[in-house]
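Structures for review follow.
Heads up, the next two complexes both have chain A, just with different partners, chain B and then chain C.
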Partner chain A sequence: MSLPGRATYPEGRELAQVVAGRHRRGTIFKLTFLAALMLAVIALLTLLLQVIDSSFGYVALQNEVQPRELVASLGYGEDVDLVDLSKADLVVLLQQTISNNVGRRLERDQRFFDDRLVFENESKYVELCAGAEPVPGCSATARDQPGVYQLVVERVVQPTVLQTWTLLESVFSRGDIHAEAAAEYPQADLVFRSWVSGRFLVSPQAPDPAVAGVRTAVLGSLWIVAITLLFSFPVGVGAAIYLEEYASDNRLNRLIQTNINNLAGVPSIIYGMLGLAIFVRALEGFSSGAFFGVGGAGATTNGRTIVAAGLTLGLLILPIIIINAQEAIRAVPRSLRQAGMALGATKWQTTRAHVLPSALPGILTGTILAVARALGETAPLVVVGASTFITTDPSGPFSKFTALPIQIYQWTSRPQDEFRNIAAAAIIVLLVMLLTLNATAVILRNRYARRV
Partner chain B sequence: MATDDPGIMIARVGTRTPGGDLAIGTHAMETTDMSVFYGSFRAVKDVSLQFRDHRITALIGPSGCGKSTVLRAFNRMNDLVPTARVEGRVLFHGQDIYEDSVDPVEVRRRVGMVFQKPNPFPKSIYDNVAWGAKVNGYQGEMNDLVEQSLRQAALWDEVKDKLDQSGLSLSGGQQQRLCIARTIAVTPEIILMDEPTSALDPIATLRIEELIQELKARYTIIIVTHNMQQAARASDFTAFLNMDEDRAGQVVEFGVTADIFTRPKKQETEDYITGRFG
Partner chain C sequence: MATDASTVGDARAASLKKRARPVEMLIQGFLFVAAAISIVVTIGIVYELGKEALLFFQSEDVTLGEFFSSTTWQPAILDFGIWPLVIATVMVSVIAMLVALPVGLATAIYLSEYASERSRGILKPILEVLAGIPTVVYGYFALTFMTPLLRSILGDGVVEIFNDASAGIVVGILIVPLVSSMAEDALHAVPMSLREAAHALGATKLETSVRIVLPAALSGIAAAFVVAISRAIGETMVVAIAAGAGPKNFTLGEDSLFGHILNPFVAGETMTGHIVRISGGDLSYDSIDYNSIFAIGLTLFLITLVLNMLSRRFVARFREVYE
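Right, the complex of A and B next:
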């Protein structure tokens, strides 16, 4: 009797063919997976290229007054740039050019100096600032050098962007651009401009794309994220600790758990509606700051404030934080809990001393990733009522706000070319912020992973 | 099956064994008809055992017969399993530890436990020993306590220069002795050991066994082991547990170790210790 294997398995030539066929099918799958990966990489690279392409490039600029002349008029040498001038010098330039009426209006919005007025008489100072209802310009902090510089550029230099070119154009057809600019805009300067720059970061929002910056939006985003974190981290981690360490496995707790998992997948705009209903409308007294006596009677925020936005985003990422924290807590070995309990420690002593420290890197990583999501959210903020155009920095949790994604959204919807450039620059700023957060998460995880 | 009253048996054994001081002394822990349930499943059935002060009692038996479950019932570690339930009486110096008035936290300080796999805290060696004392409100000099505990666990000489290093940096055997030191630091009366050497190499195992012999002077020790030589070498009393047809663990035979291993009364015991099953 022959062994059954002899008859039923292929041998010899047949075997070689079958094996080759199996390898072939494996190779086809491998190539398919590789193609999928390549597609993803190409998509990402295209996105990145698009953004970078718009963020740098040649610009045909025409100035009403050349900055060099302005600097020279104050008696400085060739080596000094307009940007380097002190605030006092810049204010002098403003005084020379703009009318007193315009100056007064600027000053009533925001003073140039804390201790004196420039466009008004000193006697007016008492009337305006020391009265029962001081004008906004007196209560807010004075303009800083970047702000005044922006005013000088906007009001005195008055650059006009005549045409912009993308990075690829600027690199590959430089000669053509120079020829075109010389022919069409003989008065203009052709300069290579990096739209994302230090100046772009510190300048406030402005109607003119040539001088507008993202400071207002970045500060708004940071404020919002801070409120989000303050709310969702303690609440989320607390809920996760309860669910993992204390909740018994009954129907109610399972229902809660399922709902938390589902909430993590709810579209963000729905959280926006929730935030609008709760924080903006129902809790207007709280979110406008009236409840705390800040914001004042003159506040026009109607509850559409940083607090409302921060809490809305807090609700949005709360389920994500809970789930991440739960996973981190669950990953702590059972033996560690038993060791603690077996020594006669209470549950909380064990949780506090052993479970939480071991889970902390995971909790922090999850929280940072959730916050990164909040930083990039746009839809809920639109619903909650982000301001589309404000030029003053947020002064606290009860001020009106805009955020970086909102700013980008607003800029991209403008028809002029230059807004596309600054939108791309703002996208780079946002991406850098997000990558920084993610890198922090990775570093935290690696640091703690090595220690244990 | 296990209807013989082991208490009577020990008394009898004690009187006829030469140098029969094994029977002298009081019981640190005693169970009567103890059953442990996980949900509706009865894991352990009608266990009645007595553990003498300053003696080492070994629990042996095949895998899944409920040895660990019995052990965990003695310091209420089964409470951590939500569905677990204990019936019958578990007396610690005459006090039923499952009475409502008894706080399991206090039980666990008086009845310490060493686990199968060394599980030091991911903290310094010093903190590993000091933490239990701290949470239990120890009021004495902490440095002394740490040193004493490590000395008793025969670890002091190896770690005295690196007390601030992580407990996880030690070898497996050292980690297990650290866990013993940590348990000693809260001054329990009974130490439960759940297969304390099963994750260790033979040399580390030997050191732990020697240590257990030294600890006997101060503590009552109950040890679960898979290793029959270990039970024979290291224990004064041995209880053999086996499953019945419902998979519930029961005590088959309980007595002086020498008797169990040389003159078992039950065929089942003899089969097990001679390696014919299990």
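Right, the complex of A and C next:
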């Protein structure tokens, strides 16, 4: 390359060398840029691989009682599994093992059958329910088969996870694992286990990773997202309509716009603290449901409820929804509005009948992406006060809650390996839910793009 | 004839204007309230954080001087010095930036200047997926993959199970999509004519990208960097899971600077990590712990607010305008 002030420029061979050098540098840097991009792709693949790797693999399980013996004790054949037994059969197994006291406690939490009691005395139960502090079982629906199965596994079979292996280990050093398990845990069964399974989805939370599931957490997440959406969709779209269609360019409206942009950059944990101070503490009477006279199963006396969590996340995604909806509304051609106005429609009539329908796909796409963000949020929920351990399904907006990301956080924080496995399984469940939402958004966007 | 029609039109317009439209007014009122909620939220954040933080500083166990000068944060013995938490936050953010800025910028240059339309169509969604993964999953990744990786490279003696380096690297990975998409937008906005002019003068693609396009897009790229820093400082779950569950207290002069205070391979709780850990338990209101997290939260909010406003100013002030 030429130096400043140089009188002559390279020619001939020298020129060719300089040009070749410049091109070489170009190629090197191009490869560097590509490598950076590949690094990002590799990071994603590694992350997914790591999750999948922990979700499947060999497990050394030791049971107190073999499930096969239990099935046989009820007179069933070899081909029947414990999982397939009816609820009534499972309750019989429970009755054989657990003490009456434990059974009564379980029944007070949640009944086994709607029409009869197994451990508790009928008149005593009626008395309990009529008393000042009715037990949760009075209002909750009876346990279902997965719930009772989980109890049987937990209380009767009592499996202990001795060691787990990852998928890669299970595939590539199968022989070693078999040898190791045989040498170290002669009593244990070595089984290949998929930690994410139908059972995992429908089982409630439990202290034992071998039987724990994510039903409580998934239902909690869905409840929270529903509340979030109920609040932030109308408000967010309303704000976007105001800013795009009504607001004149004055100082107040500019302030609102700047403020919304800034709110989008506030860390999510700050929203959690806002939620804690306002929805949980200041509005405790409302968020605990006491204001509406709601009580009963799963209700709490404090404001750490689904409503508080949902509204907190609602505030969190509000700026995202507003900004996305604004963009969608702005993309609607002027001519549509002018046509409406020219026909004598009022501003609101034009907005409702012309602008909103053509902006709707864009608004919905933005909303779905915002909901996906809310579904994965963890920090604000921890601050608002997600319960660390609940096994009963949320019964309504005023019950205490846990959510899928919270569950992942808690399981990941446990030191034992088998909790890592169920954390990975829960991550897969969460990612599948997010993928579904995102795919919906993409389909919506594509369909919309084709029409215009 | 024409004048007649227009007078009739004017009269009709005047009569239309006079008619009150209560429903329209009501709707407009609702829409305005919806928009104004964002202002209420901001005021709420500032008020609540400020109020609780004020209670914290008014408490007789804390002084503002101690908050900004003490190098230990031990609520149990009423020792509240913000520095251990701030240092950990800065360290995680710096490590994250060291990962995210070069990788994000290089990715943006490749996507904007080099990639064909087809490969862009494949690569951009991958980055979007990376951006859509919840941070708690990244936390899992940091603890179960990055930490063991660092330990196997540098040795178990050097790297603790919970450490700021692993959290920082993963936060960096998490921010790459943010940096790359914002920087790519900035690069994309540079007019084609600039590139064509450079090519016409005989510049190679690299020279065009680095010396012409990059400087022209500098304001947008700077904005991306600032937003990325604010994101790294506010990131919570990764550090809550992987960076350790206790502030890295130190005594100036006694603890070695690089062996302990600025050592990224030992556990050190960040501001956000501390808030999550303290509020994860059943926190009783009006306790000093409860108030202390609001003081930290206020610090955090102000830092990120300033950074975000700075980024917006960058874009507005230094944007090159091409006709």
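Definition applied: the second predicted complex is superposed on the first by the 408 of 452 C-alpha atoms of A that agree within 3 Å, B and C clash if a C-alpha of one lies under 4 Å from a C-alpha of the other, contacts with A are read in each partner's own complex, and residues count from 1 in each chain.
The criterion applied here is as follows: a contact is a pair of C-beta atoms (placed from the backbone, for glycine too) under 8 Å apart; a residue touches a chain by one contact, two chains touch by 3 or more.
It should be emphasised that the depicted structure is a prediction, and the values quoted were computed from it without experimental measurement.
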Which superposed partner A:385 touches (first chain B, second chain C, both, neither): second
Partner chain(s) touched by A:262 [first = chain B, second = chain C, both, neither]: second
Touched partner set for A:43, first chain B, second chain C, both or neither: second
Partner chain in contact with A:338 - chain B first, chain C second, else both or neither: first
Contacts of A:171 with chain B and chain C, given as first, second, both or neither: neither
Partner chain(s) touched by A:358 [first = chain B, second = chain C, both, neither]: first
Residue contacts with chain A in the superposition, chain B compared against chain C: C
Touched partner set for A:346, first chain B, second chain C, both or neither: both
First (chain B), second (chain C), both or neither touched by A:273: second
Contacts of A:248 with chain B and chain C, given as first, second, both or neither: first
Overlap of chain C and chain B interfaces on chain A (superposed complexes): 346
Chain A-facing residues of chain B, complex: 75, 77, 80, 82, 105-106, 108-110, 112-113, 115, 117, 119-122, 131-132, 135-136, 168, 179, 182-183, 186
Complex contacts: residues of chain A adjacent to chain C: 22-23, 25-26, 29-30, 32-37, 39-41, 43-44, 46-47, 50-51, 54, 234-239, 241-243, 246-247, 253, 255-256, 258-263, 265-274, 276-278, 281, 315, 318-319, 322, 346-348, 372, 375-379, 382-383, 385, 388, 405, 408-409, 412-413, 420, 423-424, 427, 430-431, 434, 438
Chain A residues within the chain B interface of the complex: 248-249, 333, 335-346, 349, 353-354, 357-358, 451-452
In the complex with chain A, residue positions of chain C that touch it: 21, 23-24, 27-28, 30-39, 41-42, 44-45, 48-49, 52, 102-103, 106-107, 109-111, 114, 123, 126-127, 129-130, 132-141, 143-145, 173, 176-177, 180, 204-207, 210, 227, 230-231, 233-237, 240-241, 272, 275-276, 279-280, 282-283, 285, 293-294, 297, 300-301, 304-305, 307-309, 312
